[in-house]
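Just below sit the structures, each encoded as structure tokens.
Note that chain A is present in both complexes that follow, paired respectively with chain B and with chain C.
Then we have the complex of A and B:
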């Protein structure tokens, strides 16, 4: 439906986004996900027509949007800083996009009330935004963005400032609403859980470039590079720096100083092995729930490490261990107790290694293997 | 409820405030008192504080010196120039704030017109307006010597740069996302200006208008040189009582009181707006 072709935006000497190519299909919930300064908001503003691309073109149903001002695009946008009209009441703020299209008063009233109920702000429609809390303001902003029928909804961190409980609730309602009305949404967020929960498809951005464009599960299980791996997940992947060797026992990753040899998974080979042979920097990526932690060394594939940090998170204890100068995070059950500085053994199962060569993923473990802590 | 006790610091502070107030307000008090005193008591030494007030000086000022006309002239000149300044100034400063017209140089250039003292341009103005008054267009716009159009033009010229600079900051304080959002909702640029920008900038525009009115009302130099009778303003009119026979302190005080009071009343009335306008940028969260 909307397609970006080679879109680049330059501000002075900095490139905010470079050479973006992606398509958002009709009825799709697309999430732009990345850290601050990745160019997510700039991308939205380019689509909205608030800023014009320096190079490249944006197409809506095959027609170029170059030179089409925002008021003629029929897109709706929610701004990160709310952009509420402080001189108008909440009711009038919500009604603003409807009135712009000359909707009759009764219909405006009905829609505003409906939206206010959905966002749990019914009681405050005659207040001005200045008298609302941050979370309430954000809900008004979200409501104003969603209240009218638009071709595409551009949402720039629309629920990021709500408190946790409300955010999860709003997340569900947002998804529900968009699904029900078959809306096309481009949603910007830096919260990976939000991205995973909402998206039909996730585009991971970093420094103005697309890092990965895939379904959410794909982004989680098969990150395209070490940036995506280090940004997606709670906690994100841990990395172990290794070198690669092919000996008589098959391909293996070694930590030379410690003399540790980690055998690669049985299906590791082919192109992945070739890349690993020629690459200069090899890293193993580990999910925190696919590493085991023991107090004794009597298990197979166990290596000595030292507890670096313990975070009690209620449903789990997240332990960070120092393994040969690599910090590895491990989820352990909440009943376990760990002391900082304690000597421990981590169980590394080669079937769960993600292999990155020079930053790019070359091998991902089979998703169907169920992890069990006994290696 | 806690009863607040006065400390020595409080008393000292109140005393200083009182002293400052007395120094600041005494001239105004004395002007009003003088305007109500019978003539023979005005110059008494030691000064007289109790007397039977009289309105004779006011009557004199309005009947002998035609003060009603001066007030009318001042009002016309001040209001017309303020309207022009606010309309032209708000559009100009919006342009500067949003589109950075002239890359900042033009803004600065506009300010340079305020860098010379008014006295430096009064003679060229005199010549220009005398010539303009002889042309048909000049006649149409009430230009020329001793005409109100001339004052309107002068006040506009001198207030416009100030207004542009003042309003510029008000417009800059309005987040640009508000306009972007309205445009996405389907409003054109010009509609966005009227529906979103103007209402939000209203306190700032009001403050600018108030200052322009005050400046125009109090202006003396241009009015004294470019007008004689017909377009004479109230500030110049006060000088009428400085006659060859001596200074008529009673009518002079009465005239000065008439000159000052509307503006004081005006400022008090709009105090809230002025303060809000001046802190306009600070109140938003």
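Then we have the complex of A and C:
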């Protein structure tokens, strides 16, 4: 439906986004995800027509949008800084996009009430924005953006300023509304859970470049590179620096100083092995729920480590261990107790190793095995 | 290092009663979090400890000695991530050594202390640089080192993490917690983020509207919240609340509302028998303790799917029950479209009950 071809935006000497190529399909919920300065908001503003690309073109249903002003694009945008009309009540702020299109009063009233109820702001429709909290203002801004029918909804961090509880509730409301009404949405966030929860497809951006463009499960289970792996997950992946060797027992990852040999998974080979042979920096990536923690050494594939940190998070205890100068995080049951400095053994199952060579992923575990291990 | 005692501390700003009689004891060397939403009084309390705000009434003591008459500079309190003005003409090393020499410390000891702090913070490699040559992260680290080097009584951290993105946050948490382990300072973290508070502190003080709701270890706060506010504020997924009545039918007790009728968990039966359960209750249950089951499961409740979110390590189903939304954690393979009928089972041993009128949790007999 909307397509970016070779879009680059330059501000002075800074390249805010570089050579973006992607398509957002009709009815799709697309999330642009990345850290501050990644170019997410710039991309959204380019699509909205608020700024023009320095190079490249944006197409809507095959027609170029070059030179088409924002007001003629029939896109609805929600800004991170709300941009509400301060002299109008919440009701009139929500009604504004509908009235501007000449909708009859009764229909305006019905839609505004419906939206206010959905966003839990029905009790404050008579107030002006100056008398609302930040979280309330943000919900009014979201409501104003979603209330009218538009071709595409462009949402810039629309729920990021809400309290945790409300944010999780609003996330579900937003997802449900867009599913039910089959809306096309491009949503910007720096929160990976929000990206995962909402998206049909995620585009991970960093420093103006696309790091990965894939379904959310793909981004989580098969991150394309160590940037994505270190940015997605609660906690993100832990890494172990290794070297690679193909000996008599088959391919293996080595921690030379400790004399530890970690056999690769049975299906590790082919192109992945070739990259590992020729690459200079090799890292194993591990999810915190795919490493086990023991107090004794009598398990298979387990290696000595020391507890570096324990975080009691309620639903789990997150333990960080120092394993040969690599910090590895492990999710354990909240009933367990661990002491900082305690000698422990970590169970490393080669079936769960993600392998990165010079920053790029060359191997991911079989997802069926991963699913059955955490189900 | 010092213990910190708050005794009936109040703060009024004109008509606004920001802090309403807070009393607590923070042990020497303890990591305490002040946790609550904006406007709960956590920052005012911290600023009164630092001496940046005057106390309206009550008392604050360090090691048993009242400090409210003392100026901020006499309290020896450090604040992390204050923008410390570093001396531009001095190297990083000299910036750290200067306050020690000014306090009369001898050369050998100064060097030993600077090296020690520098190594823990990880800045020994930039000891020779001048402040102008540092990145912002490095200046922050040097500022932190300078705050720590004078061994403050209390180390205050005001929302140090909340503005960081995911991967920076994990690093900063590890860093702060290790800092506490290495130096053993009394530390107070002020935050609105329950995940940071839970992950970092020995104990958490949960506040709202100037009132202290509960002070306890992260695990107790999570598992045994004293009231609805604490229960609703703690947890990476919010606790579900369901209004219900306690009813006796054919000799058995049930939790009943328009949409469901489930047996009262056994741990509450003695109280129910003794007539000590309020009739109107709020059931509190975390999403981890509700599962989607087949509809013929005894004691299950029918509902329909509102939306399913796949978060990677788990999926979260939001369901509709009698116009109310509940969340349940389900396997990563679970997918369902809106309106799909489902059945829910609540784990009895994790079901909490609150008195609807007072909001207080009803303790179970275990």
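Going forward, the second predicted complex is superposed on the first by the 369 of 375 C-alpha atoms of A that agree within 3 Å, B and C clash if a C-alpha of one lies under 4 Å from a C-alpha of the other, contacts with A are read in each partner's own complex, and residues count from 1 in each chain.
Heads up, the rule we're going with is that contacts are C-beta pairs under 8 Å (C-beta built on N, C-alpha and C of every residue); 3 or more make two chains touch, one makes a residue touch a chain.
What you are looking at is a predicted structure, and each value in this text was computed from that prediction instead of being measured.
After alignment on the shared chain A, the placement of chain B and chain C results in a side-by-side fit free of clashes. Applying the stated contact rule after C-alpha superposition, one finds that A:85 touches chain B and leaves chain C untouched. When the two structures are aligned on the shared chain, A:48 is found in touch with chain B, with no touch to chain C. Residue contacts after overlaying the shared chain place A:77 against chain B, while chain C stays out of touching range. The partner that reaches more residues of chain A, of the two candidates chain B and chain C, is C.
The superposed arrangement places chain B and chain C with a least CA-CA distance of 11 Å. Partner chain A is touched in their complex by these residues of chain C: 37-38, 165-168, 170, 173-174, 177-178, 181, 192-195, 198-200, 217-219, 221-223, 232-238, 286, 288, 306-307, 309-314, 316, 318, 325, 327, 331-333, 337-338.
Chain B meets chain A in the complex at residues 175, 177-178, 180-189, 196, 199-200, 202, 284-285. Against chain B, in their complex, chain A makes its touches with residues 45, 48-50, 69-71, 73-77, 79, 81, 83-87, 96-97, 100-101, 130, 144, 148. Listing the residues of chain A that touch chain C in their complex gives 35-36, 133, 163-165, 168-169, 171-172, 175-176, 179-180, 190-193, 196-198, 216-217, 220-221, 230-236, 287, 289, 308-309, 311-315, 318, 320, 327, 329, 334, 340, 371, 374-375.
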